[in-house]
Amino acid sequence: MTFVPTARTLMPDLTPAQEIVLLARTLWREGYDDHLAGHITYNLGDGTLLCNPWLLTWNEIRPRDIIRIDLDGNVVEGEWPVPLGIPLHLELHRLRPDVQVAMHNHPRYGTVWADMGEIPPAYDQSSSIGGGGDLVLVDEYQGAVDNGSAAAKTVAAMGDGELALLAGHGVFVLGVTVRAVHQRAVALETRCRNAWMVRAAGGPTTGSLPEAWFARTRTGDGNGFRGFWEASVRAELAADPTLLD
Amino acid sequence: MTFVPTARTLMPDLTPAQEIVLLARTLWREGYDDHLAGHITYNLGDGTLLCNPWLLTWNEIRPRDIIRIDLDGNVVEGEWPVPLGIPLHLELHRLRPDVQVAMHNHPRYGTVWADMGEIPPAYDQSSSIGGGGDLVLVDEYQGAVDNGSAAAKTVAAMGDGELALLAGHGVFVLGVTVRAVHQRAVALETRCRNAWMVRAAGGPTTGSLPEAWFARTRTGDGNGFRGFWEASVRAELAADPTLLD
Amino acid sequence: MTFVPTARTLMPDLTPAQEIVLLARTLWREGYDDHLAGHITYNLGDGTLLCNPWLLTWNEIRPRDIIRIDLDGNVVEGEWPVPLGIPLHLELHRLRPDVQVAMHNHPRYGTVWADMGEIPPAYDQSSSIGGGGDLVLVDEYQGAVDNGSAAAKTVAAMGDGELALLAGHGVFVLGVTVRAVHQRAVALETRCRNAWMVRAAGGPTTGSLPEAWFARTRTGDGNGFRGFWEASVRAELAADPTLLD
Amino acid sequence: MTFVPTARTLMPDLTPAQEIVLLARTLWREGYDDHLAGHITYNLGDGTLLCNPWLLTWNEIRPRDIIRIDLDGNVVEGEWPVPLGIPLHLELHRLRPDVQVAMHNHPRYGTVWADMGEIPPAYDQSSSIGGGGDLVLVDEYQGAVDNGSAAAKTVAAMGDGELALLAGHGVFVLGVTVRAVHQRAVALETRCRNAWMVRAAGGPTTGSLPEAWFARTRTGDGNGFRGFWEASVRAELAADPTLLD
């Protein structure tokens, strides 16, 4: 079934499981496509989380594949195991009940800045929408390398922030909705791509946007841009009209 | 219906609304693809403009989605709202009745030069066709950041020119026809791409084309290259034969 | 009809017009894709040339679109006009009857080196197969800018060679067969791409291949690699099984 | 027939010939796509090897095209000739009976580091999974250029290692299974790509991953990551459901 949008109804209603699938599919197309690497969790607020399954890529999952897990990482519902990297998400949701959705992956340009161990400058409007405070660099491997303590350290280092580069690894993006995480993840990858291109060309280390612009965007909760998430959802539904079945 | 071109008839006749759709689709394929960012206006000369709608991407709009607005930005005809960034276009059409078509977006390479705050050298023939005077850099955020005065400042800074990089933002391309805007936008992105590649490789800051070449091309109105726009239109119609329905 | 290759018959028999179409299509996929820019001529040896038509892209032409012209550039057979840039080819075929096929375009990486006005080093095997003598840099605009004399100068500057970068413009590749031009054009773009990547990374200005390797490859006539051209032809026929109809 | 995975059965059972085809197809998509350049051998342990045929690309071969050869390079079974570069594989399998699968190609980023004659740093987790000891740089052309002695020199230079950059040429990746070679080849190209991007941006020459991480990953046999190979196989079967027929 082809969805036809109107100004009032920009996309079909989605269940949380469908939202996770569409976040995975849309971000895969934006460069969050490192094989089996990504995880998305969605806090249902009842002591359980929805989660993409281990063993399937973001490019192939469908709503029926989404699993439900408890805060210790046990599968409560679903036919698939939990992603290996889930301790980071469990730690996050325990300490930050304000966060509904958390996403980790190794995107094309975000990973390069994580590899360089530097925060990319934001040079333009497209690179800075979505808010979520400052982008934080977390060097998770510096102290200990076992998974639990690295997870706790990462969450602590983020403070109230909702965007992190994990040095030598990838990115971690949080939000109160799937829409907010999508908005921030797209802006983050745009920021990392444009900043890489400026840097490779020996361009300036700061852009021309005034500090007031950034001060304003940093306070955003990622939900303010109606239509942005909906447009990406429609593109996936057009590419695979059976996606919600 | 598949269109078969002949030397005499290179593409089907198009209405202005169809032309806007095809400009959006062809430029999306050329790298003008920043989600919901782009706007195209077409001055009908009767105090109203045709415009792509807010909330739909350039890759999904169809002729029935094009709206008509007055010079204050009110919708006169159509089912969709006006793009948020339209004040720039309104200001432009008020001050420059010679311009029929105006296009704004954040293309891949154009945005990188806007981020660097520099005019890219034009190194080759493909980078300099279409004319429109000098490429101008406008730092729209330097003075004030409210939308109206930035729009007026941008239009003033362009003078009689028809090509601008908006620092920390994107590009603005004008013309007396849709064809002219297409020609210039393709050349501009080629110029920005090739110049970025030369710069990233530490190449020379000037090319070997003689100044006389540029003097000649700068005077072009963008309409002289028969077949260029038509070829891009045919590629879109081949990709989606129902596009004009 | 799907063609099934065997070790003995690697592709269908092709007429010269079909060969031109397949050279255009395969090279388009290799980055020779600058809108209407390219021309291919095929010397029939009877005072006429086959040529791709003006006004159609390399990605859409079919065998029925190929035109036949005389050495003054008049159309002898066919429904389409002659490419604007054809004087370069006419000059070439007049002075070099040994050359059966000549190809000009503005490929992605080749154009960057033409813009830089430098010959890229050949760092690897894939960059140097096909032969054709030394790669020559021709600064066609330095002396005069009118088309005829630039064409004569370009042809003279190439001497007996069969590969040229045209400064601020594109490339020119010659051969005794379509197969040879394909081989050389693919190797040339690989050479330009890999050398750009080495240069952008600040790598060495010479590679580790011994001079004896290059001395040997330079003498090749481009016809020696059975299967290379055939594999690219099959890829196009698989992408569009009606291409030869 | 569409394959539907479950947590227990992630992909269909594959014959060795099907595994070779899928290794070729999956790696082609990862950038191992240099026309006719690649070869894969699979040691059956009975004095014969399975091998992809000469004259067909990795993107078109099907299980029926796989040939069987003896350790002198004679075809024992199949309708296609042996790849020209097979001496490297014959030498390898003679000296290293522990290696079941060997793969050579000229991937996009791996070839750039081979051209630069340098080992790329591994900056992140995705760049270092799969193990196989140290990545070795072999300058095969330095001493002699005839094929046999270059092959012996390459195999000798690798020692017990299973990953090599061949200077001015491409890469060579070994493993005890097809799965292991896939894992290592993907990690190697990721390593080469990310390191190139860091280098082009003037980033640090070492990353933040601790040496203990690398010490641990180097010992891997490439088989430990269940699901990684299977996910890539499913992507190919989805793209061409007739691939195993």
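So that you can tell them apart, the chains are marked A, B, C and D in the order they are listed, and the count of residues begins at 1 in each.
One rule holds in what follows: contacts are C-beta pairs under 8 Å (C-beta built on N, C-alpha and C of every residue); 3 or more make two chains touch, one makes a residue touch a chain.
Given the structure is predicted, the values throughout are model-derived calculations rather than measurements.
Asker: For chain C superposed on chain D via Cα atoms, how large is the rotation, as a multiple of 5°?
Answerer: Here the rotation carrying chain C onto chain D measures out at 90 degrees.
Asker: Of the other chains, whose C-alpha centre is the longest way from the centre of chain D?
Answerer: With centres defined by C-alpha atoms, farthest from chain D sits B.
Asker: For the copies chain B and chain C, give the interface type as same if over half of its residue numbers appear on both sides, and as different if under half do.
Answerer: Different: when the shared numbers are divided by all numbers used, the fraction is under half.
Asker: Need the CA-centroid distance for the pair chain B / chain C, whole Å please.
Answerer: 32
Asker: Can you give the whole-Å distance between the Cα centres of chain B and chain D?
Answerer: 45
Asker: Mind pulling the chain B residues that touch 2 or more other chains?
Answerer: 200
Asker: Which category does the touching pattern between chains fall into here: line, ring, star, complete, or other?
Answerer: ring
Asker: If we use the touch criterion from the header, which chain pairs count as touching?
Answerer: Per the contact definition above, the touching pairs are A-B, A-D, B-C, C-D.
Asker: Okay, in this complex, where on chain D does chain C touch?
Answerer: The contact residues of chain D facing chain C are 34-37, 53-57, 59-60, 79-81, 106, 109, 111-112, 114-118, 139, 141-142, 145, 167-170, 196, 199-200.
Asker: Could you pull out which chain B residues touch chain C in their complex?
Answerer: Chain B residues touching chain C: 5-7, 10, 123-126, 186, 190, 194, 197-198, 200-204, 207-210, 212-213, 226-228, 230-232, 234-235, 238.
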